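This report concerns only the one structure given below.
Chains: A, B and C, in written order; residue numbering restarts at 1 for each.
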Amino acid sequence: MGITILPPVVEDLVPRHDESDDSMSVGSDSDVEMSGIRAPKRARLGNLTVSTGVVTPGEVVTDDPQWMRGHGTYMTPLSTSIIATVAGTVHKTNKLLSVHPLRARYTPEIGDLVVGRIVEVQSKRWKVDVAAPLLAQLPLSAINLPGGILRRRTSADELQIRTFFSEGDLLVAEVQSVHQDGSASLHTRSLKYGKLRNGVFLAVTGTGGSGASSSSTKGGVGAGSLRPGAGAGVGGVVRSRRQVWTVSTHNGGGEVDVILGVNGYIWISKHADGAAAASSTTQNVSITRMEEMVSSSIYSSQNDNITPQTRREIARLAQCIQVLVQGGVRVDEETVMRAYEASLLVDLEVGDDEDEYEETRHEGREYLEGAKSRRILELVVQQAK
Amino acid sequence: MMADRRRINGPPGGTRPAVFASNSQSGTGATTRAQRQRQPSELRKIFLKTGLIPTASGSSYLEFEPSASLAAARANPKSLIPPSSALKLACTVHGPKPLPRSAAFSPNLVLTTHVKYAPFAARRRKGHIRDSSERDLGVHLETALRGAIIAERWPKSGLDITITILEAEDDRWWGDAPDSHDASWGMMNVLAGCITAASAAIADAHIDCLDLVAGGVAALVSDESAGSSAAPKLMLDTDPAEHRSILSACVVGYMPARDEITELWLKGDSSKASLEDGDKRTGHEALIDGAVDAARGAHTVLAEAVRESLLSAVGQL
Amino acid sequence: MSNQRQASSASQVPHLSPAELSYLYTSLSLPKSSIRPDGRSPTQFRPLTAETNILPGTNGSARVGFADGTQAIVGVKAEVEKTVLSNETVDARSEFGISEDRGEQEGSAAVGGHGSWVQMSIEIPGFRDDDALPVFLSEMMRESLVGAVGSAEASDMTGGLKGRLVINKRWHWRLYIDVLLLSQPLSYPLPLLSLTTHLALLSTKLPKLKSQGEEDPFFDDDWAVAEYLYPRVSLSSAKHSARSPFVRPPVTLLVISVGENIIFDPNREEIAVADAVLAISITRDSEAGNLKLLSIRTVDPPSRLTQPGIPNSENVNMLGAVASTEDVAVLNPATGEEEVPGVWRPRRGGVKRSVIAEMVKTVLKKGGVGEEVLEGLEGVEVS
């Protein structure tokens, strides 16, 4: 079948009951009423709960003067009420009240591992697209220069700046500092970082706001997001312990590296043996050995020989991530691996059903869409429980 | 749809000269249409000369030989309806020149093409702003040339190619009903001329290219000039004014040295082509092959013109 | 953005790194079994959702969306307009006679309308209406629409769409086809726009004509009796073939060649490494029931404007760390150029005739992609 044309799906909109306002209040004794607009007089925040309440811009979060306003809120000069400026969930840290949007553009934080694409080359720095509102910058002084990490940069390096990174090149880096205006400064001064090759790039939504980390998604939002089709927009890469790991793939694909940039840019590539493998155990590599490794591959734009089997599995991993994102499931090592296993399982199921039904059917088998993607999501959710 | 943002135009829609009934109905001689007198595979002669515009880095001028009937009709005009027109165009190349500061870095030569009809080029007057057919031609031309230019030899630079069409090929004979075939067949001939001329001008500007790319046109024609049979016949380098009915036509930009097509534009129904017995090709394949043959013909002229200008330059030294 | 416009070609140039391009190209050009980044087979299209008659203010409309959220809406509006007859036309008509000589010479038939009666405009966010891309796309689609000439059998459609627009000698319909892309295109939008236009035209209805002959036209104001622009089952053609009960508007497909493989419905990354890109318009021949080619256009492949990769042997940062034996250039059979494996080279030159022939054949052959697409479209409920 070459083409599938479906009628539009009318999503089942569960009508929200008016009582849902009540369900937002944490205690039934309505001591902690979050819907400030309805009953502004009564609205008084308890100091004991982490709220799962949802507010919209302009909504009064509280008018209790004991709270301090944080991100995502504002106060009018003459009143004590704190008003939300973004739609999202209310968070309280001691006496600080902030609203975290469910989805937003990536805001860089120090230490984030990001995948970025060079968009502009300047005389001493690169401008890098990291899916943030502002372009990040990567100074020439923040990269490993060939011929040893400890070498000073020279004017010759400035002249041949394009031989390190050029427009369009992808790189993995770490956020070194964040400027006043929110733009990030990156560095690649580690053997883990540098130019990317031997793989495919994928852009999904990244960490929204600052706090949509795994801890907050564990709550109501997280559970809801695992329902396929619903809660679109909560999926995406979240900050987690491991952003980079190696998958040993099935079907003879060998080892494949996955890099989940916190910013939602993802790189899936053939596992780089040698240099990168050694870098995970950096302690037993001598400085001179490292020099060699830096010079041997870090600025290469030539791909290694990659077998078709590996390419297939890389494509499968990429699709699994797409399925997760479209299903509104957060993307981290755990879910990606589960989705990958599920996709293999689904393949077996489908294979049994059709049983060499037609030779040409086999061709598009690797395409995960519609029913297959739903099945994968189901399996992922099942395992989550 | 497309408004000129800089100048105030007159009311849209043009006026046409009055053609008096007596004029076109009385004398039968006045309405005789031009007939193709060439063989189906015979091309019109091309005049091509490079380096005529001294201020440009490269330039060329191209002219198709007018049909025999046109020459006769011009010498002895009988009707207000011109029997046919021939193609005349000038091409200038500016560059390679640095890209403007605001432009993003480009590892390749950035090509821009402008094709503009002179207001008086066609029977219906063209405005001063480029209309959609002129933009369309520009895109086609760009596709044709980009395949031939070795763009990475000239990083961070731009090349402007401007073509002014002084006299355009007609889409049909103006004595015919406007619905006889209203598709823009003449545009295809214009495109073929543009490709050949631009290629010569690029060579004149000393830009590296893989080969001289030449344009050629072939068409499937069914009318009296193709013989009595109604089955459409393949003809090369068709002048639309000479044919009552063109079923489909094809223009290619072709590089003989590599046997590659850089630009292909085929339209119309080519399924009913009558080929010689034993010819297994389908209609569109035959059409493309025909256009390639026409382009090969144009290429000989093109190569000769470029060599000629080179030799004359050497002679002057 | 400015870069897109500057490269004024019909194609946009996505910024991809040489390593990505090389990886994609090698994956796609694997002999006989190309691996697409999304796992589709070479002839597989991305799944679509489609619905028709969504805009009550139009004569016909359709909406088509990809799973990635790209959506196109097409509205078709028809207006009655007075036909301007030039003197020449009158002469020609009186000379050749209006009616019966069209049998042997189709195309010159006096019933033919005029191509300019069909007006098409495409609105793509981020592009001005006179940018190259919208102009090129609309010309490409209009050309196949007005060029599609119906056979004499389907009497209502003689002269194709143009002929259908004729009301009588002095009046005709003018058709405005307005295409709206709802977001910036994530891939070359041609297939999406073409499929949407196809469905919108299918659902287009014109009011029923009550006047007769050469009278000034007036119409039945009952929308229920309005007639389809592309008439449904007429007796003459129904007996001919059950599979194509009526004439349908043409469809334009985007086909690319990578190495020796031919790939349909490419996404943005795939088109960026294509050796050649063709837009092929087809329609069903109502006489024979098979497919008919209407037009072919080459589209400038963006691969010509990409950044080249640097082989390790030439990389100044490698300091000769690699043994140069790795970098033996091999001849790419598809392009005829020497290439170091794993290093991206921008494409040069054109496309071989045999490749074009093969691409067209894949579309047109019995049971080929063209038929699959048309069958898929025929499965769409047109209300």
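The criterion applied here is as follows: contacts are C-beta pairs under 8 Å (C-beta built on N, C-alpha and C of every residue); 3 or more make two chains touch, one makes a residue touch a chain.
Here the structure is a predicted model, which means the values were calculated and not measured.
Taking the mean of C-alpha positions as each chain's centre, the chain lying farthest from the centre of subunit A is B. Here the chain at the heart of the structure, going by C-alpha means, is C.
The interface with the greater count of contacting C-beta pairs, when A-C is set against A-B, is A-C.
Here the spacing of subunit B and subunit C, counted between their Cα centres, is 24 Å. If you average the Cα atoms of subunit A and of subunit C, the two centres end up 36 Å apart. Between subunit A and subunit B, the centres computed from C-alpha atoms are 53 Å apart. Counting only residues that touch two or more partner chains, subunit B has 104, 107. For subunit C, the set of residues that touch two or more other chains comprises 306-307.
Residues of subunit A found to touch two or more other chains are 166-167. On subunit C, the positions that touch subunit A within their shared complex are 15-20, 22-24, 26-27, 30, 33, 35-45, 47-51, 63, 65, 67, 264, 306-307, 309-312, 315-319, 321-322, 327, 340-344, 369, 372-373, 376-377, 379-381.
Those residues of subunit B that touch subunit A in the complex are listed here as 104-105, 107. On the side of subunit B, the complex with subunit C involves touching residues 1-2, 16, 18-21, 24-25, 31, 81, 99, 102-104, 106-108, 110, 112-113, 130, 132-133, 135-136, 138-140, 142-143, 146-148, 150-152, 174-183, 210, 213, 222-223, 230, 244-247, 253-255, 258-271, 283-285, 288-289, 292.
Per the touch definition, subunit C reaches subunit B in the complex via residues 2-3, 6-10, 86-89, 91-93, 95-96, 104-110, 112-116, 121, 129-130, 132, 135-136, 138-139, 143-144, 146-147, 149, 162, 278, 285, 292-300, 304-308, 336, 346, 348-353, 356-357, 360. Of all the residues in subunit A, the ones that touch subunit C in their complex are 1-9, 117, 119, 146-147, 160, 163-164, 166-170, 195-201, 292, 295-296, 298-306, 308, 311-312, 315-316, 318-319, 322, 326, 360, 363-364, 366-370.
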